[in-house]
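Okay, here's the structure, questions in a sec.
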Amino acid sequence: MNLLLLIGLPVLTALAVLLSRNKQQVKWISLLGSLAQLGLAIALLFAFRQERAANNTAQMLFEQHYKLFAALNINFHIGVDGISVAMVLLTSFVVMAGVLVSWNIEKMTKEFYFLLILLALGAYGFFISLDLFILFFFLEISVIPKYLLIGIWGSGRKEYSANKLALMLMGGSALILVGILGLYFTAGHSFDLLSLSKTNIPGNIQHIIFPFLFIGFGVFTALFPFHTWVPDGHSSAPTAGSMFLAGISMKLGGYGCLRVATYLLPEGAKEYANIIIILSAIAILYGAFATMMQKDLKYINAYSSVSHVGFSLLGIGMLTQTAITGALLQMVSHGLMTALFFAVIGMIYDRTHTRMVAEMGGLMKVMPFISTVFFIVGLCSLGLPGLSGFVAEITVFMGSWQVDDTFHRIATIIAAMSIVVTAVYILRAIGQTVMGPVKNENFLQLKDATWNEKWAAIILVAGIVAIGVAPGWLNNLLRPAAQVIMDRISGK
Amino acid sequence: MLAPGLYHILFISAALFFIGVYGFLTRRNLITMLMSIELILNSVNLNFIAFNKYLWPQKMDGLFFTVFIIAIAAAEAALAIAIIINLYRSHQSIDVGNAEDLKY
Amino acid sequence: MPNATTIALIPLLPLAGFLLLGLFGQKLFKKSAGLIGTALLLAATILALYTAYEYFFVYGKVDGVYQKFVLLQLTWLEFYKGVSIDMGIIIDPISVMMLVVVTFISLMVHIYSLGYMKGEKRFSTYYSFLGLFTFSMLGLVLASNIFQMYIFWEGVGVSSFLLIGFYYDKPSAVAACKKAFIVTRFADLGFLIGILVLSYSAGTLDIGTLIQRLTSPESNVVKTATAYSFLGASALTWGAALVFIGGAGKSAMFPLHIWLPDAMEGPTPVSALIHAATMVVAGVYLVARLFPVFSITTPGVLEIVGWVGALSAILAAVIACTQTDIKRVLAYSTMSQIGFMMFALGVSKYGGEAGSGYTASMFHLFTHAMFKALLFLGAGAVIHYVHSNDIKDMGGLRKYLPITHITFLIACLAIAGIPPFAGFFSKEEILHAAYQNNMAVYWIALITSGLTAFYMFRLYFSIFWNKETPTFAKATAGKEGGFAMMLPLVLLGVGAAAAGFIPFGEFVSIDGKPLVSKINLVFSIAPVALGLTGIMAALWLYKKQNNRSARLAASLGGFYKAAYHKFYIDEIYLFITKKIIFNLIARPAAWFDRNVVDGLVNLTGTSIQAASEGIKKVQSGKVQQYAIYFLTGVIVLAALFIYIWK
Amino acid sequence: MNGSTVIFYLLAALTLVNGVLSVSTRQIFRAAIYLLFTLIGIAGLYFWLNYQFIAAVQVVVYVGGIVVLIIFSIFLTQQAGEKLQKQKIGRKLFAALAVFCGFGLTIIQVYQHAFYEPAETGVPVSVAAIGQKMLSMNDEGYALPFEVVSMLLLAAMIGCIVIAMKEKKITDNEPGTSSPDHTGKE
């Protein structure tokens, strides 16, 4: 399996979009492109499993290595392990759904789809890069389109939100860059992830570099005090923008926190693990409580994202294999779930022209399909067994409980308490929007989902259910990769 | 001490220089500012000549510098006045306070 | 050996119904949904009965002891070595008994709903939800892994939520389903943490292994877990107590019972199935499933179980005497009866004669499922006829609803503990177990059983006697309900009347060895007499329309008022949630985020902007200013270089 | 105190006093005249220093050229008899302070520095020597700077013309007759 395809296909799609003549062509080309990416991602999954089944125990599979700039030892080095495969799969699902829900974008359609595909390209590239330089390059590629997507196609205070988001993410990138350069100069002038992972970086230097990398990526994944771009960014972004932002972009950060910060700097991770745990436990519960008071559906989901992503960071902070697997499961699960949530909110908003919970009611009667999906995603969010959220949260809890002391126990219990608070705000949202009497007479004329929206929802629901009902395949994909990271942490 | 020498001339040139600077800083009229600049240039010339005279009497470098500076000063003055007149034409004023378009 | 495929089919058939009707029901099976659901469940019931027969009479008993079989352990999610969620099937006396109860009651409700829910717009959705519930409940019952149990535990929770909120456009139903889900969710938090504690201590999630490792006091597992203590109690005590909180939430034990009366907003057959017969006894089942851990390792927690059960029993019985909503009375009665089962477990010990409470509890669970489902279905028939839930709108219905009347009477006699109906036998055994182990609980139970007889017959007389000319318009009143509704009533009536004669101790006991129940005639006098007294009191107060009950209520004064308002427990919860959680935690958290955390971010932005505004002024375009800066800079630098940085 | 010394002090006083007056008077025309006297004083100093050629250049270029130019421009831009606007007092004080500090610093440095005394005294330079050196092309010669300066003067001349030229386009551009540049847009 040639991994260059994963980058090449979005590039081709983007070019084709640029060259196409009218809106219909743009849409269909994007759809075909994202469908092909989805197919490719699934093919990658099977190819990967096949290799593993054939006892190929290399850490990274399908590696490719090209010299990019020999003088500074910058290489184009790509390869995948289980984590990357899962993330690529997640990205392709979200991209597909995002393209489908944006079907009715009328304003500057070509540019919109171009940016969407560019963002996807950045994400794919990021997840398969094994060289910190190109990893950073792809990370930046995925930031710029967000700014434009929000600034041009957004709603509400879009300029403010776009600026805030771009500035905070850029700030995070700056920290990441400092961290990467720190690594480069302390570990023998190399950007290569695999060779860096074999060098021993002195502990005191790790303690200095680790916060840069972790906070830098943490900004992307809404680490507690750096999360405020999330509510504003999401509330202003167009539907597909929110989906990409929460479904993919926040995962870039989580992936980076794990793969770059924690994996390369195990001593640093150990040093700051307790702080990470405290911050993420706060984020989980506090985000959940803050969600309870929100009145706008997008704000509800944005804050609940802060809370949910806290589980990923908690899992990373716990530094056990199970907890890290849980963190990864949570990333995948949350990516699908939150993308679906935003898609549904977008569908509701397109029809009712409001996102205020108090103004809706009884949508079940008017649009049963959308409401059912809303139900499913809500239940997934509150961790119902059979849907993906449960699998992830339980794995994090089980992993966290393995660390046998009172501090970690209490952090785990605090995190677990969020399942009640989550239930409260999700049910409030569902109860006021989907259930109850129809408050606005005009709503009775509204139509249910169109074909593209149905397919977008079905794709994501399929992902959620596939993980929720049979988590084994994903777990088996992620666990060995998490084990590799744990081996480095425990110094094996 | 009373016999004039290098130090005396340097004193004059320094005084002239700072008089020029003072004028440049406090005048609001562009022409008078130009005059202050002339003072500054002259103080420099005086310095060159003085050093040439007292430190390297056999050489003529200081002298040549002075000649060139005078030539450049002439060119500068002509240009500056052209600019001032043009400014006067467009702004109906040669107050330096009105000429703050540099900001943009 | 049991056949895994046959048993696995029992939960899978309702699941198939759920998927089929849920995905395609509204389009393809709008009319036939009920029949499909019922047919699938009939098949499941037959399989369950077959399994029970096979287990109890063919292969289950080896050397006089009923064996425990664990089948089909499919790894679903592996956490770390030795600890994984395995989807398995456990076959032992209580799971087989529960299989029969769940499928049978569910089948009855399916059949009943054919009539009751006829013409409902979301008829197929209703049946798909019923399928989901039955699947989850059966999964819970068969779970061999504690996390598998939790998964299905949540599954029954959500199907209960969906069914309570079935009439989603009714605000009270929406509120009720939210309340039910959130309260049980709160309890599930305890269950979850309890699982974490116990599974970490035992190093396994498999129930059998877990029990085995935690019940041998000499083992290292127990020693280390006991050594680790938190707030003065050992890890295992905490674990067991937390697991019990989960059970108490689902089984509506005080103080987590508040959701159950409100849950009556759902369709009445749903109340019969979920909130009377099956789901609410899941807590009892959970404690029973982990009974060895409770009784051997943490007897302190078992004592708590007993007291919580007893307290809930009497509290619910008192409240039930004052309620006027027919379904709420039944809901409190359910809570009270589950309290009986709980304290029966609480007073029991492990093994032999001392374990009679366990058997009694399971027996009562079995009989209660019969007569309580019957009561609810009967109430449903009444409501169907009267279109009201309030007993003030009823009266004299015995002439109009003869079959309902008879079956309701049987159920009332059964729950009141009048021989020879089913309730008598199970309740007698419970009282006997309590008498042997805990006298205080015994007295509470005795009083409660008297109250039970009183409030049940208050209900009975108010509905079927009392006013001879009911207030509802006779013109609209149709027939008693179709064959579909009457058949389950009759079948359950037979069950309620005869189930007591099953020699239950023969089949179900804690250690698998048969237990001979010893119903003592002398011992029975007190409860039966108290029951009859209760009936007499109800007869005197409610048979004819009179103002005796009002006078009695007035003479009780404050106590009556408090009981009528359910001892203000709802209000306390409301205070805690609204005032404390919302206003003191959530609102400040949201405010803090918008103003402090986000404020800091914005402050960074505005301060940079302010700084750049300041710097911008320096760039004024005024040549002289530049010159001054320049000159000052030169002078300062020169002075510095000359005098300071030589 | 011989005559030479007296003349020096007189020239110095002439230069400095007129310089101060030139930057402080509020009548612009008088300022130009004071500048003239300062320049003459400096020319006198050159004479005193025995650099007659430079003195002559000073008189010709500055006195005869630049000051006249300045006076012309004053006539062109200034209404007669109008006094110059006052500068803010704060600015004046600050400038005076800065100037004073700078002057003090310079003078202290100058007086602390011991310049080396050349052994021989020079001879007065003749104009012919200057001319030869200016056009000589060997190492000591100044032909290249000379050419550069002449280029500079040429450029300055052209620049002056361009700057001072009236822009015809602006006056031509009357309303109604839009230029072809603007037709494409809007």
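The chains carry the letters A, B, C and D, assigned in the order they are written, with residues numbered from 1 in each.
The working rule: a contact is a pair of C-beta atoms (placed from the backbone, for glycine too) under 8 Å apart; a residue touches a chain by one contact, two chains touch by 3 or more.
Note that the coordinates shown come from a computational prediction; the quantities given were computed from them, not determined experimentally.
Undergrad: When contacts are scored as defined above, which chain pair ends up with more C-beta pairs, C-D or B-D?
TA: B-D
Undergrad: Roughly how far is chain A from chain B, going centre to centre by Cα mean, in whole Å?
TA: Centres of chain A and chain B (C-alpha means) sit 67 Å apart.
Undergrad: Nearest whole angstrom, what separates the Cα centre of chain C from the Cα centre of chain D?
TA: Chain C and chain D have C-alpha centres separated by 101 Å.
Undergrad: From the C-alpha centre of chain B to that of chain D, how far is it in Å?
TA: Measuring from centre to centre gives 4 Å for this pair.
Undergrad: What parts of chain D, by residue number, touch at least two of the other chains?
TA: Within chain D, residues 91, 95, 98-99, 102 contact more than one other chain.
Undergrad: Two or more other chains in contact with one residue: find those residues in chain C.
TA: Correct list: 624, 628, 631.
Undergrad: For chain B, give me the residues that contact two or more of the other chains.
TA: Within chain B, residues 21, 25-26 contact more than one other chain.
Undergrad: Can the chain contact pattern be summarised as a line, a ring, a star, a complete graph, or none of these (other)?
TA: other
Undergrad: Quick one: in the complex, what on chain C touches chain A?
TA: Residue positions touching the partner: 26, 75-80, 83, 147, 150-152, 154-155, 158, 165, 168-171, 174-175, 177-178, 181-182, 185-186, 188-189, 192-193, 196-197, 199-200, 230, 582, 585-587, 589-590, 592-593, 597-598, 600-601, 605.
Undergrad: Quick check on the complex: what are the chain B residues that touch chain C?
TA: 21, 24-26, 33, 96-97, 99-104
Undergrad: Would you tell me which residues of chain A are touching chain C in their complex?
TA: Interface residues on chain A, with respect to chain C: 164, 167-168, 225, 227-229, 231-232, 286, 289-290, 292-294, 303, 320-322, 362, 364-365, 368, 379, 382, 384-386, 390-391, 394-395, 397-399, 401-402, 404, 406, 409, 412-413, 416-417, 419-420, 423-424, 427-428, 431, 434-438, 470-472, 475, 479.
Undergrad: So in the complex, the part of chain B that touches chain D is made up of which residues?
TA: Residues 2-4, 6-12, 14-23, 25-29, 31-32, 34-36, 38-39, 42, 45-46, 49-50, 53-58, 60, 63-64, 66-68, 70-79, 81-86, 88-89, 94-95.
Undergrad: Quick check: in the complex, which residue numbers of chain C touch chain D?
TA: Within the complex, chain C contacts chain D at residues 624, 628, 631-632, 634-635, 638-639, 642.
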